[in-house]
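Structure in structure tokens, see below.
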Amino acid sequence: MLKRRKIVPGESPGLLKFPANAPNEPPVITLIEYCADSLEEKTHANCDELLTHINNDLVSWINIDGWGDLSVLRQLGERFNLHPLALEDVVNAGQRPKVEQYDDYLFIVAQMLYLDKKGEIEVEQLSMFLGKTFLITLQEEGSFDVFEPVRQRIRSAKGRIRKAGTDYLAYALIDSIIDHYYPVLESIGSEIDAIEDELIDKPLARPVGSLHGHKRTLTQIRRMVWPMRDVTNLLLHEEPGLIRPETKIYLRDCYDHSVQLMDLVESYRDVLSGLTEVHISSIGLRTNEIMRVLTVISSVFIPLTFIAGVYGMNFAHMPELAHPYGYPACLLLMLIVAIGQLIYFKKRHWL
Amino acid sequence: MLKRRKIVPGESPGLLKFPANAPNEPPVITLIEYCADSLEEKTHANCDELLTHINNDLVSWINIDGWGDLSVLRQLGERFNLHPLALEDVVNAGQRPKVEQYDDYLFIVAQMLYLDKKGEIEVEQLSMFLGKTFLITLQEEGSFDVFEPVRQRIRSAKGRIRKAGTDYLAYALIDSIIDHYYPVLESIGSEIDAIEDELIDKPLARPVGSLHGHKRTLTQIRRMVWPMRDVTNLLLHEEPGLIRPETKIYLRDCYDHSVQLMDLVESYRDVLSGLTEVHISSIGLRTNEIMRVLTVISSVFIPLTFIAGVYGMNFAHMPELAHPYGYPACLLLMLIVAIGQLIYFKKRHWL
Amino acid sequence: MLKRRKIVPGESPGLLKFPANAPNEPPVITLIEYCADSLEEKTHANCDELLTHINNDLVSWINIDGWGDLSVLRQLGERFNLHPLALEDVVNAGQRPKVEQYDDYLFIVAQMLYLDKKGEIEVEQLSMFLGKTFLITLQEEGSFDVFEPVRQRIRSAKGRIRKAGTDYLAYALIDSIIDHYYPVLESIGSEIDAIEDELIDKPLARPVGSLHGHKRTLTQIRRMVWPMRDVTNLLLHEEPGLIRPETKIYLRDCYDHSVQLMDLVESYRDVLSGLTEVHISSIGLRTNEIMRVLTVISSVFIPLTFIAGVYGMNFAHMPELAHPYGYPACLLLMLIVAIGQLIYFKKRHWL
Amino acid sequence: MLKRRKIVPGESPGLLKFPANAPNEPPVITLIEYCADSLEEKTHANCDELLTHINNDLVSWINIDGWGDLSVLRQLGERFNLHPLALEDVVNAGQRPKVEQYDDYLFIVAQMLYLDKKGEIEVEQLSMFLGKTFLITLQEEGSFDVFEPVRQRIRSAKGRIRKAGTDYLAYALIDSIIDHYYPVLESIGSEIDAIEDELIDKPLARPVGSLHGHKRTLTQIRRMVWPMRDVTNLLLHEEPGLIRPETKIYLRDCYDHSVQLMDLVESYRDVLSGLTEVHISSIGLRTNEIMRVLTVISSVFIPLTFIAGVYGMNFAHMPELAHPYGYPACLLLMLIVAIGQLIYFKKRHWL
Amino acid sequence: MLKRRKIVPGESPGLLKFPANAPNEPPVITLIEYCADSLEEKTHANCDELLTHINNDLVSWINIDGWGDLSVLRQLGERFNLHPLALEDVVNAGQRPKVEQYDDYLFIVAQMLYLDKKGEIEVEQLSMFLGKTFLITLQEEGSFDVFEPVRQRIRSAKGRIRKAGTDYLAYALIDSIIDHYYPVLESIGSEIDAIEDELIDKPLARPVGSLHGHKRTLTQIRRMVWPMRDVTNLLLHEEPGLIRPETKIYLRDCYDHSVQLMDLVESYRDVLSGLTEVHISSIGLRTNEIMRVLTVISSVFIPLTFIAGVYGMNFAHMPELAHPYGYPACLLLMLIVAIGQLIYFKKRHWL
């Protein structure tokens, strides 16, 4: 699920190389600049154009989708003094969510999780550079846009967003990313519920693989949510002062949500473990039941067949055979044996 | 069990929206104001009326059941300077129990757990704003009232409650919430005991599902009790001085109870895990027993049937058949084979 | 095993109420007062008499067994300024072992564990108030006396006890309580050893229930030993100076013992888990063995019976039947088939 | 997998003894000295020659492959004041990765992990002494060279390496070691994926052993990766100042990678545990299925065979036998019995 | 394995009592006194003689094997001011490894582990009093001497030992104790490897008991190694200055080894858990295989036997019987049925 960068051991760190399997399309560069009173939103054709437009008195949100020939990244890196290692992490998807503190900015990596149109879970890495007056967000593909609602809030000037700085904008984006985890987990939750119902009704409808599949998915999501919690926690206790105290109250809310997500993931994992046990004991119970039927039928008829076999023997001197009541007596004997066995099994609660 | 708010990703935080599945009835607003010498208790029709009645020299306990058109919450928020994020958490049920410190007050969220009339476990969120002179408690439905005993204590002026401040009142309410967990856990405990007895008597009476069900319930209760312990612990070590040292001695008692609850939940979970193992090995034992019966009966009769089959063959030259003692000799042979087998099985302790 | 108080949710805290299922006998009040040179030991009829006898210059050990109409507790509470919450915990058995610090004294709760005459494990709560010059110990029933050896040491003036203060006396009592855990754990240990031997000899003698029972008992003992370790540790690091440094060296010994107890409990639990696995795989092995016997016998005889069946058919034209060597040839064929099968099973190590 | 030194208990510590199973070839001594402007790379025949060539103004990287008669180690130890215990750890392979701080240098031990030509996992210990102006790297065999890419970077003067000091060189080597773990884990990962697919298609293709083998391998890798994370973390927080702040930014990247490795190892272990469960329940399901077939066939034919047996008996007076419709009636009876059974099994979902 | 002292609850602490099951032989008292230039080694008949010989300017190592009438211990206790509680722990074997700090000395308890001549694991407690100028070592039996190599080093004046103080001597002894754990663990390791090979070759050779036995042994060793690690760690961070900084470098090596031991123990436990799983699933696989053979043979022959049974019936009117091709046709039918079944089983991969 999580794409992982192909590592070339021993290579020089901070080298910007175009990742092998990334889509090679020209980057889409968007700049939104705003303060309480003004707002400008524009898509730029290239980075030079973008850089001339940036106004240090406003909140500048630069969003980049895709990295073409990487020159955009290099130009941004130079202009904003971004560390080559951070830029390398931007390009190499599959990073663990993290916060790294550099001199003038924070570098934040998060993994966005969402359901695509076919209901499959998709992951995409979002990288963020948070400075005093700028916020740069970068993602490989623009196919999934978790930021549209935030843009709408900026446009409509609703809530605090237009009055606050880059830190609040960063919060709003992280909050949106975290909120997008819920629908994914809810869809897994309802699938687990369905499996649960099925397991209790028809225990052998073979959901072994699906139980395992969901467990595996949850393990992967867990590896994204745990560090996400650390990210919010680190931002909450960040020191140099890029994040204002009033924004930290909002980040506390984010932290809360990530803890709730962890709770959800852990309890789903618990339920899946329980279901595996239910499944294993259901199989045992089923086998037991089948064996019981086999045993009862075999045990009843095998002795009867033996009796029939005896009187099917061709010995010359078998007095019973000639006796006029031999046949009914034999049938009676069989009946008694059969009933005796059934009573025995009834007593043992096998019937 | 735990209702969870439906998250709309990317929405503006602190927006008060009426939750989709909440009961839409007018809120019931009650104000109890007291000091050591006086007591006034009144239900108010709307929030304006309430706010004019509040006396800052007394302890004012405002209780709200249900939130009608949310205007009550907005008015309270303005009057007491409550943070929009906290109000959002009030409305969106299913929060993790927590304490949040704001400038003038503490915001406390707890989950009440109780058995309804049908013996089913119900959960309801209680939110609390604890200020120097006021305590606001809010819950979605007034259907379950864990606070009546506390109100009685205020009315009858028994104990310390009338002499103490809002902090003691908050303690009394939290204590009452925690105490209400005990009957729920005791009912689960006695059901587990019943399953345990049943498992040892009739191991295959199929309680797989019920074991799993109880485990799931306990997992959910655990997710409420663990943070409840943190809540009491945080209140115990709260700094700004909203909670007096003499009240902290009482909160220590609360903390103790929440630790006991955790102990209970964990040991029930332990017992359930043990019972699952007992169940699985019981199934194995049962299958084993059934197989033993099948094996003994088959092994005894199959060779006998074979012998009978041999003498049932129609070969022209079978000297034994003509022999006068052929038949009894054959029966004797069968008897010897059967007894030999039974001795063998006896030796192997299969009989 | 552990009696738990019945909680009435929402009740006023610190209310002394006679517990429902407690034995209602008059309390036995004993006072032992000593210093290095003198010793007085007396049983008092009531609390007034006791209180007039207390000499603040000596070490006063007040022991109360049972609480009659609770007036003794109330009088003691007043005289020594004991907190109502502590007194409530004294009366409500089933507390977690703990230490609570009050202004002038420490309140210590411990659970005594012992084997009664029938070899069953009994638990009783001991509460202790440790002041500068007094030590009050309280227990519901005087049926089990873990303190007699300590009293003997006081009487005989052996060791340090008569020269030391109340802190050393408290240590001596706690040490005695902890030492009484050992015989209980040893008895469980030897039962586990017995089960282990039995499991390896006769794996199916059905000890599922007993394994589970011991596991459950150990879970409960664990819940008493863990906090007991915390109690000794807290006393070791107690600050206000009720416990002298030279006594702390002795408490370190206590702490050591409680850690050893934990080690014991944990390793017994480990062994029990291992035995459950041994049990489950023994059942599997047994079933396997039974199946092997069934399979070998069935597989050998079923084809033979089929051959016999073929030559028992009544077709008019079956040339083999008339042949003079038909019968021996047929027997030979059967022998070859049987031997072939046996060789096959031998090769597969099924015989 | 991990070679472990043979310990001779009680021996004098810091004794340099040639390890029993080490390859006894003359050491290969290479010295690379560089600064931003100059570079000298030379292989020396012996240690005396090497030591005369060292220039304290340049970064001196001494690499030793193999230890011949150990005299090289002794000479280096004397020249650079290396502690005998550290030298002992150099020679005795199989150490846990660690960092030890000595007065003038850091001693770092790491385990290199790589796939040999046959695709098998090999481990080799690398020891490193990091001083202000020198870096000594030692390994038993030169068969696997993880450092070549770093040497290339030094030669080509690409990146920061020529401008930075010994600390950056040490970082570059550690980074290369850590990066070499990825291909190993990826190969394990793809084998696990293959097992997973196989398990779901043909659950009984007997991969028990292979699951266990991979688990064991991962346990061992885990024992190398966990302490590797500690190594990078310790270097990150090293105090005396051998590592410059700008290098620490790069080490943070290393730390990140080691955490990612841990994540990978742990999630592979998770998946393997899950697959073991899948395997066990698949076996159960398979057995169940086989039993079902046996039961259905046996249950259908055993009663029919019994009926045939009855009419094969040779009683003189069996009126049905003589009846002209006896035979078809009998066949009809058999058909009815068979169909009845099949309906019964259909209902139970056994067909 | 670990002998545990018999506790008499409530007894006076620090009472020296001869342990019930200890060997009652006269103690062997050895004194080794040395400095860089001189060495005296002597066995003394009794403690008085010993005490007159002690020279405070030298390093005095007193070794006591066995405690006769305990008078030696009492005399040593008086002379060196040893705490009665420490002496009690010396006599009562089965203590947890620990370090206790007293005013003038450290009291160290360790458990020695070794293989006796029959290859069985033996444990013996070693107690140590480490003072500025003296080191007293005590053990119950002198049967196993882990210290001989250290004595040799003192005699031969090799290494640092003669130049260093008591702290280095203590280190040398602890190091020797820890080194002796390796052969024990290696022997367990090779037994586990043997079981592993056997399990994969002949999965049912019934090693259930042995797996469990090894697990139990490892649990016990773990209980000795974990605290041993704490002992070395505590010595490493000991404050009052009995241990010199240069010795601490050596203790760091000890600490390293104890961590390696923990690693070994934990990974063996991991492997054993894995093998238990392998064993359980092997049993399942085996049962499955056996069932398959039974099912195939039964399913093929039971219908054939039924056909034979039909034509063995004695109905008067069975036209097939009289038909000249009846017999071959019947045999052909049987062949077709058998081949049909075999194809079916082949398809299901049961053959």
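Things worth noting here:
Going in written order, the chains are labelled A, B, C, D and E, and every chain counts its residues from 1.
To be clear about the criterion, a contact is a pair of C-beta atoms (placed from the backbone, for glycine too) under 8 Å apart; a residue touches a chain by one contact, two chains touch by 3 or more.
Since this is a predicted model, take the numbers as computed values, not measurements.
Note on connectivity: the fewest steps through touching chains from chain A to chain C is 2.
Following the contact convention of this document, A is the list of chains adjacent to both chain B and chain D. Between the CA-based centres of chain C and chain D the separation comes to 42 Å, rounded to the whole angstrom. Chain centres here are Cα means. That of chain A falls 26 Å from that of chain B. Counting partners per residue, chain B has 280, 284, 287, 291, 294, 298, 302, 305, 309, 312-314, 318 as the residues that reach two or more other chains. Chain contacts here close into one cycle, and each chain has exactly two touching partners.
Order of chains round the closed ring, starting at chain D and going on to chain E, comes out as D, E, C, B, A. For chain B in complex with chain A, the touching residues are 7-15, 83, 85, 95-96, 98, 100, 102, 202, 204, 206, 208-209, 212, 215-216, 219-220, 223, 276, 279-280, 283-284, 286-287, 290-291, 293-294, 297-298, 301-302, 304-305, 308-309, 311-314, 318, 320-324, 326-327, 330-331. Those residues of chain B that touch chain C in the shared complex are 146-150, 153, 158-159, 161, 172, 175-176, 179-180, 182-183, 200, 249-250, 252-253, 256, 259-260, 263, 267, 270-271, 274-275, 277-278, 280-282, 284-285, 287-288, 291-292, 294-295, 298-299, 302-303, 305-306, 309-310, 312-318, 349-350.
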